[in-house]
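So that you can tell them apart, the chains are marked A, B, C and D in the order they are listed, and the count of residues begins at 1 in each.
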Amino acid sequence: MRICSRNNADDFGAAVSFRTPLMAAALLACLLTFGCSPERVSTPGADAGRAEQLRATLSTATGGGDAGGAAASTGTGWGTLKGRFLFAGAPGESKPLMVDKDTEICSKAGVKLVDRSLLVDPATKGLANVVVFARKASRVKETTAPATPLIFDQKQCEFIAPVFAARVGQPIDVHNSDPIGHNTNIAGSSFNQLIPAGQGTLYKADAETGMPTMVTCNIHPWMKAYAVFRKDGYVAVSAADGSFTIPDLPAGEPLEMQVWHERSSGPNGALGLDNPALKWTPKGRFQIQLTPDEVKDIGTLEVPASALGT
Amino acid sequence: MSTATASTTLSPDRVGQSLPPARKARPVSEFLSTYVFSKDHKVIGLQFLFSTLLWFLVGGLLALAVRWQVAWPWSDVPVLGKLFAQQGGQMAPEFYTMLFTMHATVMIFLVIIPILAGAFGNFLIPLMIGADDMAFPTLNMLSYWFMWPAFFAFGASFFVEGGAASSGWTSYPPLSTNVASSPGAGMGQTLWLVGLTLVGVSSMLGSVNYMTTIILMRAPGMTMFRLPMTIWAMFITAILQAFALPVLTAAGFMQLTDRTLGTGFFSPEGNIVNNAMQATGGGQPLLWQHLFWFYSHPAVYIMILPAMGMVSDIMTTFARKPLFGYRPMVYSIAGIAGLGFIVWGHHMFISGMNPALGITFMVSTMMIALPSAVKTFNWLGTIWGGRIQFTTAMLFALSFVSMFIIGGLSGIFMAATPVDIFIHDTYFIVAHFHYVLFAGTAMGVWAGIYYWFPKMFGRTMNEFWGKVHFFLTFIFLNGTFFTMHILGAVGFPRRLADAYHYETFHHLQPLNAFMTYCAMGMVATQIIFAINFFWSMFNGPVAGRNPWNANTLEWTAPSPPGHGNFDFQPVVYRGPYEYSVPGVEKDHLMQTDPPNAAEAAAAAAAHG
Amino acid sequence: MANDNPSGGSSKRSRLMGIFWSLLFLAVPVLGVAVFIVAPWYDIWLPKDVSEHGKAIDGLFMFILALTGVVFIATEVLLFWFLWKYDAASATGPAKYIHGSHAVEVIWTIIPAATLLFLAIYQMNTWADVKMRRPAMTPSVEVVGRQFEWRLRYPGRDGTLGTPDDLFLVNDLHVPADEDFLVQLKSMDVLHSFFIPNLRIKQDAVPGMKIPVWFKATENGEYDIVCAELCGWGHYKMKGRVTVESRADFERWLEKMYSRQEATQPEPLSAAEGAAVALTQ
Amino acid sequence: MKSQIVSRTFVRLHSSWAVTACSITLLMCVPGCGSTPAAWFRPNMVEATKQRLTPDQERQVATVMLAMFGTPDAPIALPETGLDEAKLQLAAGPVHSDIVGRKNGLYREHCAHCHGVTGDGLGPTAAFLNPYPRDYRPGVFKFKSTERSDKPTHEDLVRILHNGIPGTSMPSFALLSPPKVEALVEYVKYLSIRGETEIALMRAFFELDDEAQGKLPETREFLVDEMLTPVTEKWKAAADALIAVPEMASDLDLAASIAKGRELFYGDKANCVKCHGPTALGDGQANDYDDWNKAIVEVSKEVKSGVERAGETSTSGMDSEALAEHRGQLAWLDKFGRVLDGGDALRPRTIQPRNLRHGIYRGGRRPLDLYYRIHAGINGAPMPAAKGTVPPEEIWHIVNYVRSLPYELDGELGADRPMVAKDRF
C-alpha cells in the first residue's frame, strides 16, 4: 500500500525507472491474492461471548415456572378512576379525506369526510379518543363483564366510533349500515371480512392487543378506526368532552395505567405527559392506588400540542 | 495542403530547431499544447496507446472475475468479495452478468478498436506514407478527447444504482430497452449507450482523417501500390468504419429513445416484463439485431484487418524476403471488407429470422472465408525460403498466423447453419472470437508494440523478457481458449452464472477450473510486459533510426521523430518489401534508396 | 541478446532457439489434434443425440471437423517446417527474392472456393428439414419463455390452444416418442432461447412472435432444457426438463396432470411433493 | 534534439500516469483481499427504530438472536422450534458440495439473491423486482390452505416451491430433488420463526416495567417460553388448521353457475367488482398497500410529520430536560429517516388487485386454490374473506366465473376489450 501511495505522491518520471518494477511487483502480489484465506468475522453488533453463555442457559431445560408475572393480589374491594383530558393548543382545521369511490353514498348531502385523528370539543377543549387502560390487574370484578354484543357500525363510509374498546371474547357485531358493501380489516387479527350492505357479522377478539390496533376498510382505504381489546376490560376511551371513567378497578394495590392517543408522538402512540404527581412516564404510564369504593378523580390533564402530532 | 506542409518540411533550418523563447516563457501552455491537447499525430497515437493499455488491464481483471465464477460458482470471490459482504462474499448473478457485459464492452470499444486505429493508425500512417502529420490535426486531437467522456460514461456506469449495463455487449432488446427487465437495464444501460455513441464519434473523426491523409498526403513517388500492407489495412478499415458506424449510432439513439421516451422501436406490443404490462409497443426486437450486426460484423474486421497489415510488414522484415503476393493480399483485404457488409445475418441464424434468409447469409459467410484463406497462404509463402530471425516481434507475428488459422477454421462451423443450431451461443463461439480477437489481434498488437517501440521511444524493448512474455502468453492463451472448443462441442452455453446444475454440463467444472488457472497465468504474465515496457522506455538499448533494417519510410525518420517527422522530404522509389535483392550488398533496399542497376535487373528478372 | 540482434550471425545458441521456437509452433497442431482425440474419452463431446434430424447435424459437424482438421494440420505443419528450415541461424545464402506467383494464387483461390461452395450447398437440405419444412399439424404444445422459467400450455382434449380445457405446466415438458412434435414458441418478456442439447434443437423465443419448432424424439428418457439467450440476471437458472415417453405414458400423464389442475379437493401430492413429504415423516 | 526531448518528457509524463493508474488499481485490489466476512443476519432495523431501541438494546437483541438462532453459516434450532437441524444444514451456509458430493448452501444458491440472506426480502435483486420478494420476518404467508391468520402448512410451502408463483418473479423449483425442496422449506420456516421472534423481542422492550431498566431478562422462561414458543406453536398448529372445503355440487350446471358467479362478482354481497374492477382487469382499486408496504408507509408518515413538528417547535423557553427530550426526538427521527432510505426498507409500492383476464393465478389455478383465496381472503393483502357472509356454494359459483373470465366472449366485455388469454397468457 505504501509503495502505491508513494507512487501517487511522486508525479514525474525520473524515479519511475526503478519504481515501476516495485509497482508491478505489488500488482503481481495483488493478482496472486486469489488464495488469501478469509478469516471469518462474526455478526456485527452481537456479543459472541455472551451469546455462547446464553446458548448454554437456553439449552438447559429448567421447569417452566410462572412466566406471566401477574401482580400478586393484595388489597380488597373496588374503586373507580375518573379524569379528563384537555387539549392545550389550537387543534386547527382537520383535513378532508380523499374520497374517490362511491361518492354518491360516501359524501351524501355534501358532507365531506374529514380526518378524525384529533377531535377537540371547541367549547370545553376536551380531547376525545384518548385510551386509558390498566396494564396489569390482579383481580377482575366478574359482575362487570357485559354480555350484550357491542355494535361496531359503519355509515356513510365512516366507522362511527373512531376508537372503540372491548373485552377479549366479548361479542362484537361488526355492522354495515351503508347501502354498499364494505370490508372490515382489523390489523394483526384474523379478521378481515366482507360486510355486505346492511348486514353484520359477529366477531370475538381472541387475544389482547397491546396498544390499540388499526381497523380499516380496504375497499374504501380512507376509512380508519382503532380497536383495543383487554382481557380484564379495565379500559376507557375519553368522551367528546375529554372525560373518561374506569369503574371497578381492584383497590388496595398499586395500579399502572397506560395512556394512548392516535396522534401521540410517543413510542407506539403512548401519550407522555409532564405530570410528576402521577409519576407519568414518557411511555405514557402513570401510577395510582385506589382505596375500596373510592372514586378517584385525577382531575384535568393538560395535553400540550407538542405531545401530539399536528 | 500537402504542398504547404511539404514546403515547411523542406525548410532546412527547422531540423533540430530549439523552442522559440516566446513559448519557453509560458511553460504551462507549452506543456498543455505539447502533451495534453497536442495535435501531433505521434503524441495522440501514444495517448491512445497508454489509455487503451490501461483499459486492457481493467478488461483483463473483469475477465478474471468472470472466469472465477465460471470455474467455482458462488464461492467467495477473493478480490471483489468485499462488495457483497452481506452475501458472505458470494457473487450475485446479476453482478456476474454485468461483469461479462463490461468485459466485452471494454475490450472491444475501449481496447481493440482504439488501439488499432487510434494508437497504431495515428502513429504509423503519416510516418509510413511520408507525411509530416495528419490531414486534420485538430480533428485528430478531438478524436482522442472524445474518448474521455466515453471513458467516464463507461467507468461511471459501474457505480450507478443497479450497476453497469448487464444485457451483454450486444445489448439485445427488450432486455436492454425495458428498465424493469434487469438491474443493469437502469442508468447503467443508458450510460453504456452514451459511451458507445461517443466512441463512435471518436472513430468517425479518426477514419475521416485517415482516408483523407492516405489519399492526399502520400510522399512523392508513394503510389497506392507502394503502400505498406499496414497502411492498406488502415485505409480499408477507415472506409469500413465510415460506412458501418452511422448505422450503429442511429440504432443506439433508437434504443436510447426506447428507454427514455418509450418510442418502442424494438419492443412488441403487450409485453409483460417483470409482471408489468408494457405501455408502448409496435416494435420488433429483431430490428435491433439487424442494425447492430450491420455495424458489428464489419467491426469484427475493423478489429482484425489492421493487425493483419502490421503482421505482414513485420513478417517480411524478419523473413528478409518480399511479401508473397502483394496485390492478392490487397485484394483479399478489399474482398473481406466488401463481403463484410453482407454477412451480418450469420449472427442471427436461430434468432427467428426467416430461415430462407439464413441460407443466403450462410453462402456469403462461407465465401468470406476465402480471402482470409488467401491471406494465410500468402503469409506462409512469405516465410517460405526466407531467412527468419526469431525476434519477439516476429514470434508474435508468427503466432498471429498460427492462431488466426484456428480462429478462421472454427468460423466455418458457425457458418454451417445446421451445425450452428447446436453450437450457437455455446463456448464454441466464445473460443472462435477469442482466437480471432485475442490470439489474433492482441498478438498482432504485441508484435506491433515490440516492432515499433524503438520508433515510439527511441529505445528497443528487452528481447529476452519479451520472449518470456511471448512464450507464457502463447501457452496460457491456448490453455484457456483451445479447451473452449470442446466445451462448445458439449453445448456448454455462454453467459451462465452457474451451468453445473444441468446434468448435461455437470462434469465440465474441472475443465473450467483448468481454464481459469490458465487465464490467471495469462493476466499475471502481462506484468512482465508492463515492467519491460516501462523499463525499456528509459533503460532499453538506444535504437538508431532503423534497428530492424526495415524498408518502410518510418525507419528513415529519427527515433523518436519530432514534429514534422522527417528531417528531409522522403522520396519513394519502390515498393516496401525489397528484401534480399540479388546483387545488392545489403539485404534490404529502403523505399527511399535511389534505384541502382543491379536491382533494376533483378526486378526485371523476377517480374519477367 | 547479441544473437537476437537482427544483424547477429548464426551462433549455435541462436540455432537452438530457432529449433525451440519451431517446435513450439509444431506443438499447436499436435496438441490441438490430441485434445480432440482425448476429449470424447472423458465424455467431453457432443451429448447423446436422441432426435431424428440430429444425426444429420452431427454428421455435418464431424465432416467439417475432418475437413478443417486436414487444413489445420497441413498449414500448421507447413508453418513449423518453414520455421525449422529457413531459420536465419542455420540456412545459408540469401533469402529467395520472389514477389509471388500468379499460378499459385489462382490454385489456392479456386480450391478453397470450390470446397466452401460445396459445403454451403451440401448442408442446405438439413437446414431446410430442421427449420423450413414444418410438419402439417396444429401445435402439440405452446412454450412461453418468461424470466426465468418455461411456461407450458398443452391444448387439452379439444386439441386447440386458448380454450378452458388447456393444461398449464411449468418447466416439465413431456413428449411422445417417435412422433412429430410441434412446439409453438413464444416469449412473455425478453429474448430467450429454447435449447435442448440432446435433441439438437435451439431456437430463440422472441416477444411478439410465434415461432414453430419441431422435432421427432427417438429415445425415451429425461433431458435438459437450457436457456441459451441471455435473458437477465437469472438466465443461468432458466432450466427445464423434457421427458420423452411412449404415447400411452404420455396420454396417462396428460390425464393425471389435467385432473390435478381441476382438483376441487385437497388431493394426494405430486410425485416430487409426495416423496418430499414422505421424507418429513 | 528537440524532437527527442519532447518525446522523452512526453513518455515520462505518460508513464507516470500509467504508474498512478496502476497504483489506483492496486488500492482497489488490496483492501478487497484478505477477510471475506462471514454472512450475518441483518437486524430488523425498521422495527428496532420504530420501538426506539437504544444501541445497547439493539446489541442485546442481536446477541440473543445469535444465541437462539446462530448465523447463516451455522444455524441453530432450539428443540422448541420443532425444526430439523440436519435439513437446515443442507440449506444454510455458502454454496459448496461436501465429501459425498452433496450440495450444501441451497438457500444462498436459489433464494438469497431475492429474499436476502436474512429472509428479509432485501436481497441484491429485490429492489428491481415487482412485486417485491416476500419478507419472511413478519411470518405472514399469502397462499395457503389454512385460515387467514394461520400459518401455511408444510405442503403449502412445498407446493409454492414446486409451482412457483406465476405473475411474480418467484420461479418454479419443480426440478429440485425432494430432499432439497424439503431443506429449503425447513429453512424458510427457520427464517420466518427467527424473524418473528426478533420482532417479538424488540416489541417486548416497550412492555417492560420501569424497574427492568430497559433490559430484557435473559432467562429461559422469558426468551423461550414467552418469546419463542407463541411463534412456534402457530407453526405446529398449522397442519391441523386446514380449511374444510365442501364439495362442489356434482350435478352443477357450469353455465348457470358461471352466470350466478357473475352476479355475485358484480353484486353488493361479494363485491369483487369494487377492487377487481368492472372489466375484471384489476383496475378497481389502485391506491392501497399490502401489509409489508403499509408498515413502511405508516412509519414514513410518522417520521415526516415528526420532522415537520420538530421544525415548528422553538427550542427557546425550553428547560434543559425538555431540550434534552427534544434533541432525543430529533436524533430518533434522523436515525429513522436514514433507516428508511438506507438498505433496510424498499420504496413502498401500492398493490394492484389481480387482473383476472390474464389467466395467471398466483396462488395456483386449481378451483380449490381459488376457493381458498375467496373463502379466507389473502393474509397480508387487502383481499377480504367471504366466509360467513357468502355461503360455500356461492363461493364455488364465483370460482367458476373467475376461471371463465380469461375466455369470456369479447361481446360481453364491450368496447374496451382487454387482452385475454387467447392472445397471450
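Everything below uses one rule, namely that a contact is a pair of C-beta atoms (placed from the backbone, for glycine too) under 8 Å apart; a residue touches a chain by one contact, two chains touch by 3 or more.
In this text, all values refer to a predicted model and were calculated from it rather than measured experimentally.
Visitor: What is the touch distance from subunit A to subunit C, in steps?
Guide: Minimal hop count between subunit A and subunit C: 2.
Visitor: Farthest from subunit D by Cα centre, which chain is it? Let me know.
Guide: The most remote chain is B.
Visitor: By CA centroids, point me to the most central chain in this structure.
Guide: D
Visitor: State, to the nearest whole Å, the distance from the C-alpha centre of subunit C to the C-alpha centre of subunit D.
Guide: Centres of subunit C and subunit D (C-alpha means) sit 40 Å apart.
Visitor: What whole-Å value do you get for the distance between subunit B and subunit D if each is reduced to the mean of its CA atoms?
Guide: Centre separation, subunit B to subunit D: 48 Å.
Visitor: In whole angstrom, how far does the Cα centroid of subunit A sit from the Cα centroid of subunit D?
Guide: 22
Visitor: Round to the nearest whole Å and give the separation of the Cα centres of subunit A and subunit B.
Guide: About 66 Å, centre to centre.
Visitor: Which residues of subunit C are in contact with two or more other chains?
Guide: Where subunit C meets two or more other chains at a single residue, that happens at 147, 188, 233-234, 237, 239.
Visitor: Would you pick out the residues of subunit D that each touch at least 2 other chains?
Guide: Within subunit D, the residues that touch at least two other chains are 9, 11-13, 15, 19, 22, 25, 29, 32-33, 36-38, 40, 73, 113, 125, 169, 424.
Visitor: Two or more other chains touching the same residue: where does that happen in subunit B?
Guide: Correct list: 76, 78-79, 81, 89, 92-94, 182-183, 272, 274, 498, 530, 534, 538.
Visitor: Which subunit B residues qualify as touching subunit D in the complex?
Guide: For subunit B paired with subunit D, touching residues are 16-19, 34-35, 42-43, 46-47, 50, 53-54, 57-58, 61, 73-90, 92-95, 162, 180, 182-183, 186, 270, 272, 274-277, 456-458, 498, 530, 534, 537-538, 558, 560-563.
Visitor: Provide the residue numbers of subunit B that touch subunit C in the complex, in ascending order.
Guide: Residue positions touching the partner: 92-94, 97, 166-168, 172-175, 178, 181-183, 267-269, 271-274, 281, 284-286, 318-328, 350-352, 355-356, 358-359, 362-363, 366-367, 369-370, 373-374, 376-378, 380-381, 383-391, 395, 398-399, 401-402, 405-406, 409-410, 412-413, 416-419, 421-422, 424-426, 462-464, 467, 471, 474, 478, 482-483, 485-487, 489-491, 493, 495-499, 501-504, 507-508, 511, 547-549, 577, 579-582, 587, 602, 606-607.
Visitor: Please name which positions on subunit A make contact with subunit D in the complex.
Guide: The touching residues are 1, 3-5, 7-8, 10-14, 16, 19-20, 23-24, 26-27, 30-31, 33, 36, 38-48, 50-52, 54-55, 57-62, 64-65, 67, 100-101, 179-181, 183-185, 187, 189-190, 192-197, 199, 201, 210, 218-219, 221, 256, 265, 267-268, 270, 281-283, 285, 306, 309-310.
Visitor: Which bits of subunit C are touching subunit B when the two form their complex?
Guide: Spelled out, the residues of subunit C in touch with subunit B are 1, 4, 6-7, 14, 17-18, 21, 24-25, 28, 31-32, 35-36, 39, 42-47, 56-57, 60-61, 64-65, 67-68, 71-72, 75-76, 78-79, 82-83, 86-88, 91, 94-101, 104-105, 108-109, 112-113, 116-117, 119-120, 123-124, 126-128, 130-132, 147, 188-191, 193, 195, 197-198, 200-204, 206-209, 211, 223-224, 226-237, 239.
Visitor: Hey, which residues of subunit D end up touching subunit C in the complex?
Guide: Counting only subunit D, the residues touching subunit C are 110, 113, 125, 145, 154-155, 158-159, 162-164, 166, 169, 171-172, 174-175, 178-179, 181-182, 185, 242, 245, 247-248, 365-368, 371, 403-404, 407, 421-422, 424-425.
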